[in-house]
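Letters A, B, C and D mark the chains as written, and numbering starts fresh at 1 in each.
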Amino acid sequence: MAEFIWRRRVGFGDCDPAQIAYTGRIADFALEALDAFWEDLLDGQSWFAMNVEAGFGMPFVHMDYDFRRPIAPPEPLFCHVVPELLGTSSVTLAVSGRQGGRVAFEARFVSVFVERPGLSKIPVPGHIRAALEARIGQG
Amino acid sequence: MAEFIWRRRVGFGDCDPAQIAYTGRIADFALEALDAFWEDLLDGQSWFAMNVEAGFGMPFVHMDYDFRRPIAPPEPLFCHVVPELLGTSSVTLAVSGRQGGRVAFEARFVSVFVERPGLSKIPVPGHIRAALEARIGQG
Amino acid sequence: MAEFIWRRRVGFGDCDPAQIAYTGRIADFALEALDAFWEDLLDGQSWFAMNVEAGFGMPFVHMDYDFRRPIAPPEPLFCHVVPELLGTSSVTLAVSGRQGGRVAFEARFVSVFVERPGLSKIPVPGHIRAALEARIGQG
Amino acid sequence: MAEFIWRRRVGFGDCDPAQIAYTGRIADFALEALDAFWEDLLDGQSWFAMNVEAGFGMPFVHMDYDFRRPIAPPEPLFCHVVPELLGTSSVTLAVSGRQGGRVAFEARFVSVFVERPGLSKIPVPGHIRAALEARIGQG
């Protein structure tokens, strides 16, 4: 499958007094990668466009991270995003964060689609299901 | 067991265009609660004191979150921190985030103790083991 | 005048590899204090309530900070918020951040009131003008 | 003078319930641009390398921002960094943030060089003075 890769600089402001990237910032890195993944997959429809313009959102119901090695400047971080599971209303994506060719963390995210502003659960929108199936079909 | 509860205001800057607290900020809330838990348990020895003054740290090897309900202003968030497991070199803590009396998220964190700056694994420091066992023993 | 004081823990995640609070986080501390100031002054009407419920906002047109001393754990930071100037559409507030009894930074913020979602400039809403004048009058 | 331009995606997590980039995040964008500027100018010596490896830092003594227009997805933000003034121990840099070809904010930053970990003021290190003068000389 065609992988989506999000490249990101790791800066001073992302690091903590232990002189490695702060765990809370690593969570942000993976989330940024997911937002960029959707924008890429859906021809510009990022989380912002979904929520502000299109009347739906996809809040998280679960996320988990396994941290394999510390992240620190100066090398960039590459987040590899792979869709794993497509349910009736939910989608599961995996993010693998790599620095210097080695896996720094592996994470998994489950989101449920909801209408806005009511936040009731809805089926995966048709254009998203189609785009995900096409992307997975390239595998 | 005596629970540690961390109270936190949820502000405008913690929320996203869906007008609820951003997932990345919720990760930060739970981490803040853990840092405050250690400071309370260890008579002021927070993560900062461990890393900058005491020559050891406790980086995360795993964290997971289950999100039950959205978090939004104006009510404060209460993070309840409970130690769950104490290993040779590692410790597992649970954080339950509650707003308006209802559980908003449940999270679990596994850290491994390391010496600084080398980052080699070490046994749980004696004063931390003693403090955790005393706290758990109150249960 | 009755000062508003916002107390905040300074944590590990707020600090950078220089082992002091990161400049970007200090900006956030002052902004949090302003949000809390309005919520206190306006009986619960924080920036969130203004923007999401009340149909207006108060985006910044200017902010400046002078940093006097580094901020670091373990002492809490106290942000003192003082209204300085009330114009037709704008308001200027000063924030003084103090740690251990000494001034760590001084900042000044100018906001303009706008209607939502159009973002056109509006006069300072009547209830805000009245509350500010009453607060200043206590001086 | 050769301008340094830092390009950055503006994401969902950078925006607030007013559905524009949060002021605190805009502060971070400009700081990121400065960190990247130094890394570029000094052949890889970013703030992290200065503080963690080279025994000096350059904390801010002043920063100010004028906000001209709101920032929001989907267009990238371009931060143009220009050195303005080089003193004995201090340096002043300007950052202009542009989106869609229009200026969104203008900011100015004054830093003072200090040795680490003592934080006493030092003269601008020779290699930094030389690099800045060479860069300015290209103007």
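Structural remarks
We take it that a residue touches a chain if its C-beta (ideal position, glycine included) is under 8 Å from a C-beta of that chain, and two chains touch if they have at least 3 such contacts.
Since this is a predicted model, take the numbers as computed values, not measurements.
Looking at the partners of chain B and chain C together, the chains they share are A, D.
Using the mean of the Cα atoms as each chain's centre, the chain most removed from chain D is B. Set against one another, B-D and A-D show the most C-beta pairs in contact at A-D. Rounded to whole angstrom, the centroid-to-centroid distance between chain B and chain D, based on C-alpha atoms, equals 33 Å.
Per-chain Cα centroids separate chain C from chain D by 23 Å. Averaging C-alpha coordinates per chain places the centre of chain A 28 Å away from that of chain D. In chain C, the residues touching two or more other chains are 12-13, 15-17, 19, 23-24, 28, 31, 47-48, 51-52.
Within the complex formed with chain A, the chain B residues making contact are 16-20, 23-24, 27-28, 31, 47-48, 51-52, 57, 59-67, 70, 116-117, 119. Only residues 12-13, 15-17, 19, 22-24 of chain A touch chain C when the two sit together in their complex.
Of all the residues in chain C, the ones that touch chain B in their complex are 9, 11-13, 15, 19, 28, 31-32, 35-36, 39, 44, 46-49, 51-52, 72-74.
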